[in-house]
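Take a look at these structures.
Here come two complexes built around subunit A, the first alongside subunit B, the second alongside subunit C.
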Partner chain A sequence: MTVSRTETSMDAKDLKVVNKPVRKQDALGLACGEPVFADDQEFKGLLHAKLLWSPHAHARIKKIDVSAALKVPGVKAVLTYKDVPRVPHTTAGQGYPEPSPYDTYTLDSKVRYVGDRVAAVAAETPEAAQEAVSKIKVDYEVLPAVLDPFEAMKDGAPVIHDEPDSKNIPDARRNIAAKFDFEVKNGEWFKEADHVLEHSWSIPYLQHCALEPHTSIAYFDNFGRVVLRTSTQVPFHVRRIVAQALKLPVKKIRVIKPRIGGGFGSKQEVLEDIVAALALKTRRPVKLEYTRKETFVSSRTRHPAVCRMKAGVKNDGTITDAEMEITLNTGAYGSHALTVMMCSGSHTIPMYRVKNNIRFVGRSVYTNMPVAGAYRGYGATQGFFAWECLMDMLAESIGMDPVEFRRRNYIKLGEGSPVFKAMGEGREGVEQVITSTGLFEAIQKGMDEIKWAEKRAKYAKQSGPVRRGVGAACMMQGSGIPEVDMASATIKMNEDGSFNLLVGAADLGTGSDTILAQIAAEVLGVKTEDIVVTSSDTDVTPFDVGAYASSTTFISGGAAKKAAEKVRDMVLAVGAKILDKKPEALRLEGGKVVAADGASCALSEVANTSLYYYDQHQICATASHYGHTSPPPFQANFAEVEVDTGTGKVKVLDYVSCVDCGTAINPQLAEGQNDGAVVNGISHTLSEELEFSSNGTPLNASFRRYKILSAADTPPVRTFIIPTWEPAGPFGAKSVSEIGINGPLPAIANAIYAACGVRLFDAPFTPDRVLAAIKKAGKR
Partner chain B sequence: MRPFALKCKVNGLAIEREIPSSRSLLDFIREDLGLKGTKEGCGEGECGACLVLLDGKAVNSCLMMAVQLHGKELVTIEGLKGRDGGLHALQKTFMEEGAVQCGFCTPGLIIASEALLRRKPDATLEDIKQELTGNLCRCTGYEKVLSAVEKARDNRNA
Partner chain C sequence: MPEFIAKPASLKELWKQLPSLPSSRRYLAGGTDLVTADNAGADHSGCWIDIGDLPELRAVKETASSLFIGSAVKISELERSAPVRKWCPVLSAAIPHFASPSLRNMATLGGNAANASPCADGVCALVAEDASVLLALKDARRRLPLKDLFTGPKRTALKRDELILGFEVPKRPHAGAYFKLGPRARFGISKAAVALAAEISGGRVKRAAVALGSVAPVPLYAARTSAWLAGRELSPETAAEAAELIKSEVSPITDARSEAAYRREMCGVLLSRALESAAA
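And then the complex of A and B:
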């Protein structure tokens, strides 16, 4: 039996559809295995694409001979850099102009990592395509490679982007793809501090592991336009960037996003140019589907990072100064290089009040390694690992309970931070203050559930090789990128009183179609089932930046609400005529227009009147929305662990995650978002790491060897939603999708320290690493 | 290579087909039969998205050849039915409990759970977790999946 873990907020009491666990709209089709994903439709005459990937970390293509490949029966096209336009662009699916450097080419005469694109084949069968790939002869001039970001910044390191036509690389000679320095100085550094602590924390290469591999099919419509049916989080950015890369007008491209088998950021990346190029060359439908190995190596990863933090604290618990210096490895291309780096500071440093000085130094560095990109958490994962572990160390240095220390210092209602304005995402940031927070309640709830005080006391005196401990970490994230992300929604009314809701927002499994329908249904006084959602098709649905930056509920939800309000007014105007009342005296409720005196007419009557009888018009409206602020959701995380100091094995016994996401539009889906994010974070913490040989070849690019948690090794995760009301959000909502992934690294690291007195600074906390740390600290 | 004359039952229907003997079971299901509910998440037996019931037992169709189906009975997600011929109990509870996020893993999870509950109608939570080890899900964190399977078990035994 499941108990609802969600309480209803005071402000949310009058809501009829919003804040209810309405069934996910697409669940039925998905549970029945309906053919709803990119690869589930049949195309007549479909060709299969395969790519030749670079075996070298860094090389120039001296000669490439495709003649043998072209002779393989069934092969229809082989493309090399000679056959495609050379247009520097970024694959980062971000708003235009993208704040990522233009350093990528559909195909190039230089390869920059093991797994980089060399050539592409389209053939009648996947086997023929693969055979042709193996017959492409390439003569490489192998260049010295650099795999480490710190080495890459040194004088004399190989220059990865030496091509003259790349754009917006701040320092190509030093392999710097993005940099940002920022300081608030109110006095001498660390002058007031009683204790100053400093350390570095690191995160390795991590992959999203969406269960559906990247899949795209390119075909032609009746007007000779290229249609891309693709597993993407960003349909409109795909259209724009493919148009740019292939020098096509935007109007010649249509992008259809069917159901998506998970993305987590990996599908915020525009890799569709190559399949479109193959279709253009062959004039046939072409499918490109990554294998699992290709997904690991040649799609995108999280930015590995080394984050050094230094902070000062007074004995009374005041944080005096804080400095973060983060170095991200962006791999061979600078996709999201700047923005992930910015978020590593902008989402984390404001979490706690710093009295005097703040400094942020960020570098995103090219290496001859796989390309990093967007990944749920987006820099905050890297930043919070450092900040929240350091918070624990600072608390210890002054002998204060770590939760109490956080409580004194976390950002409160009405407070701001100079960081918000200083650190934007490609533009200046936006000044903001906190307009809703449930962090106090979240912490309280978490302490109660984990039995913080009792267990801290109990576990303080332990002996024997197996030790237990509890640890905490607090988080914030954002809700969309303020004054950058825009979404729109169109709603039109049908004869039976139902509505179509057309959104560019990209449901990738999150349930955004459902929550957007709930928002519209709430305004229009109908059931969620009466809202038919279409998402997303660049020919049909209005613009939306797509699913990223925790923006959909807040931004696309705002658009759906505004569009519904416009439609509501149109419905009321017709209803007023039918009922012979003033529109102001009417409301929508239960599928009817209702007057104060009880008179009513059905929505179907309104629709039929407007469509067929009187003052004929389609009741229909479009609205757009963007945020002026990015209200952070807050979260308190508590982990209880057991450490076997003899083997180094860490077992998570309990994980409590209390999240303030404003109003949960759909509590069941919000819980699911948080559960999934947390478990992904625990998986990062305990086992995940993509490993490489000394020449940059990936060693464990499979589910067999890159371990993500299965049901049997997932610890109990308990999500509690702490209701608050965010005035800027639709029906009080903030975001929920990303925040949960950031908690496990620091919460578990802090719990391990509480258990056995050993601090871990490098993820993942595998038994070997834990054991080594225990030995080094002499804690056995 | 000579084609193989395959005779089997798929979702209750008798089927006779000539197939290349090199055809994988997964390709046979998705491409030849056009049943798209069975998914390919890895192609190497590690994710469970491709699970189907072969004579009532859950198998990874990506690791098997279509010829191994000969003389056997195959049930895919499309062939699962409830006692009343409508939705299957697991399909219902997966929806009710919010166990479907992206849904790419869902058919495989439902097939694995069905195989377990047929074999062991009173499976414990631990049994369920063990049975589902071969099914990866990156979206849900498994919490709601486990409640869905437990609920289906309880409904079935009620």
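And then the complex of A and C:
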């Protein structure tokens, strides 16, 4: 099946509100310091929560004595594992049933990493709570710990989940939290290959570093229900998982997501059970706000990974076989263990045509280390680092320009991949073909902007200690999880012709409230300002899985569009009565119902008619949407770097990122999101790494020690939106949020190689590491 | 923050107030180290004495043979000072590496020296400038070569209540360079830093002073390498030999910021580059 852009009924040029850089709805309030974040509201009688964290990587609690803690003035509750229900669950905020193992307990008698929950305190002041925490006496039986995933899989390694009641752990005895194997076999492996190359690439522990730490306030409504005002990406999953963990009916919980200061996946994690438990115990409002150190250690991280790839290539540029074996360290709990691992293959392997054999072997392994979870890129970051560096090496082995090599092999319009069907997120995927792609144009634009040919030639011969190079990397991601992610939207009309748009979607700073309003406004023929958005309140807004898997524009946008279309039909029906025309002859435009002959009536007249005069009814509709496919956005990345071979310092001089996200609903927000993802990725590449002592204690869990790029370090990042039209997306849109983070590691690694002939396989590329590689290769 | 912060209007008033102040007292200038330490729970003083606005410490003054830099002059003021640019080329080269523009608006050289961190960029540069430090305790004044102020990591020869008035840099025509390797462009503490002051005439080094940051327990004056450089021709060979020599003079450690071996090697690389830049 081939679908081309011209077959669609609309094009971006016909659009009035969509594809325009309208102002982000919450921008002014945020800029002016309106009290919009979780912590910005005051609650009478608020208690403050503090947690006691495990000082041991692996230990059993033999005895825990809270009597001294309870005597601290102002302390209202101290909870240990004895005080909360023991319910195996996952903190991964995913669709139900979650594909992550049920291996986590609100509090447990065993601790599995330095920073694991031991006990929780609620007190009148944070100081009293902290003092009480320090007075909890714990007698630990310290157990042998295992910090390395390869050691953890060996016979005789400490078993981290030896409890009998955890569920869905494929091999607890070998500490395997998730595994998946997949093979396409077409003849003998590597038989046709002229060259076979193989290597391993690694990524360390990385943290999201959202500006706002995890903050939750639990309080009670007038009916005694628990209300959670929380910084989450997944309000509906929070409601369901907290209900599960604390054995409460879903109806007893309301979750409200206010404005969020960034999430990047870390807030796709349901950690709200403990603050809800403290509120239930004290019957008082309780606030839990992580410190920065707690955010680093006890929230979530990216899965550290070792990804081995082996591929064969023919001299004509055909990729014959490809094999990916990835081992993820999921830490003490298996949050997103299966799905991140599967996405490391499912988002990457289909990128290029592989003629004969494909194999994927994935393991997510428990260790006594901080818990990994969702992080922007979601496995594709780990997978593309390997795949795109290997592509560069394969191109070199046959003497072909690396961009030309990619062009010959990347997945084209109308093409599919056996991987799409075989590998979904935690289960089988869906069959799909590419229905829109701008990768050809993206590559061309990127080459022009970076001056690829000119610079490759110019930098081929260099002398002196400082060398320059340009490198490329291409990628794809998904747009939501097909036949898993569902979103819905409700729209109702007001007297003045404005509309309320109620969506479950979670705007975490991304601007999704704004783009969903643009989509509705486009259909209803009004301005974005005429759409009043209320989002992410489980009592008020219809269901949405939440903000993850690059899904909101594609899935929630689809729901908003469908709901708007239903409302449009209702508006036209009333307009038809007023104008005495057939509804089919009418359209919505400029805040009016307009007939072909120029007759019109204002939307306010329609609203007032329906509400007060004739056939009285509320114009209101709800629609749901889920995808049957997950159309990938595509991206071409080009980096120009300067390598100081004397010091090993790498400087990014220029970074060009050309992204095909279909129609950018709001080009300015899309660009901003891609810029942010790229900078995040460059920071991974050059600087970020959580370090640990030999007993698993984090050494640099602060912004003083864990270096993210500052504004002064940020190189020129140039995002170019390459417009295409995705037939399955709302107004031709695909996703844009995650893809950008995957480019810098391989693009910069390839540029470093072009500059000084040294390949780097282990992130981050710190000066010490780069210099060591240069010396090892004798390239000084 | 301590419960009591004193802010005398002059030195005279300071000495008068001193006996009445709580005994666990510390001087506060720009606060970029002290307030940070306090925020981290590492300062337990009962009193801070804010000397940041004392007029005696706020001036840059030129005499016939030297430049006086008051200890409470902001780093960003030094950045804009014409005499500093003229007579202190090493310091001028170091200032862009000093913390960040926002911190430079608060930080002072007096604080940089009193804090005695081995990684202090301003101090390291001043050591290479051959600066003396002027100290005062009531009527008692004394002067020390700046390099002798430091006795260990975060330890100085300052007596109790003794105050740094300022620094005196001899006026002499010389070239200066400051090379620093940090984790990022701003807000980064160095892995290694090299300060070089060199009087050059006819392609030869007449006199040189090399100081290093973050590679010894104190901001280090490299006496042997400095002496060895005197009289040498400014050539790639000299740079290479000096680079070897400096590596034997430093004693870096492995810590969260870097590895000892890498730091040692970088001292050589940075010094040879400093010499190259002085030759240019």
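Convention: the second predicted complex is superposed on the first by the 770 of 780 C-alpha atoms of A that agree within 3 Å, B and C clash if a C-alpha of one lies under 4 Å from a C-alpha of the other, contacts with A are read in each partner's own complex, and residues count from 1 in each chain.
In this text, a residue touches a chain if its C-beta (ideal position, glycine included) is under 8 Å from a C-beta of that chain, and two chains touch if they have at least 3 such contacts.
Everything quoted here is computed from the prediction, not taken from an experiment.
For the composite obtained by superposing both complexes on subunit A, the positions of subunit B and subunit C are free of clash and fit together. By the document's definition of touching, both partners, subunit B and subunit C, reach A:A712.
Contacts of A:D116 after superposition on the shared chain: neither subunit B nor subunit C is touched. Touch counts on subunit A: comparing subunit C and subunit B, the chain ahead is B.
In the superposition on chain A, A:G646 makes contact with subunit C only, not with subunit B.
Contact with neither subunit B nor subunit C is seen for A:D544 once the two complexes are overlaid on the shared chain. With subunit A as vertex, the superposed Cα centres of subunit B and subunit C define an angle of 40 degrees, given in steps of 10. Look at A:R23: by the touch rule set out above, it reaches subunit B but stays clear of subunit C. By the touch criterion stated above, A:R259 is placed in contact with subunit B alone, subunit C being left untouched. After overlaying the two complexes on the shared chain, residue contacts for A:E396 are found with neither subunit B nor subunit C.
Residue contacts after overlaying the shared chain place A:N700 against subunit C, while subunit B stays out of touching range. Once the two complexes are laid over each other on the shared chain, residue contacts for A:E738 go to neither subunit B nor subunit C.
Superposition on the common chain A brings subunit B within a closest Cα-Cα distance of 5 Å of subunit C. Taken together, the two structures place residues 709-713 of subunit A in contact with subunit B in one case and with subunit C in the other. The part of subunit A that touches subunit B in the complex is made up of residues 1-2, 21, 23-24, 26-37, 39-40, 42, 208-213, 259-262, 264, 291-292, 508-511, 668-669, 671-672, 675-680, 702-704, 708-714, 717, 719.
Only residues 646-647, 649, 687, 691, 699-700, 705, 707, 709-713, 767-768, 771 of subunit A touch subunit C when the two sit together in their complex.
Contact residues of subunit B toward subunit A in the complex are 34-44, 46-47, 49, 76-78, 87, 91, 94-98, 100-107, 110, 128-130, 132-147, 150-151, 154.
Across the interface of their complex, subunit A is touched by residues 100, 181, 183-188, 191, 256, 258-259, 262, 265-266, 269-270, 273 of subunit C.
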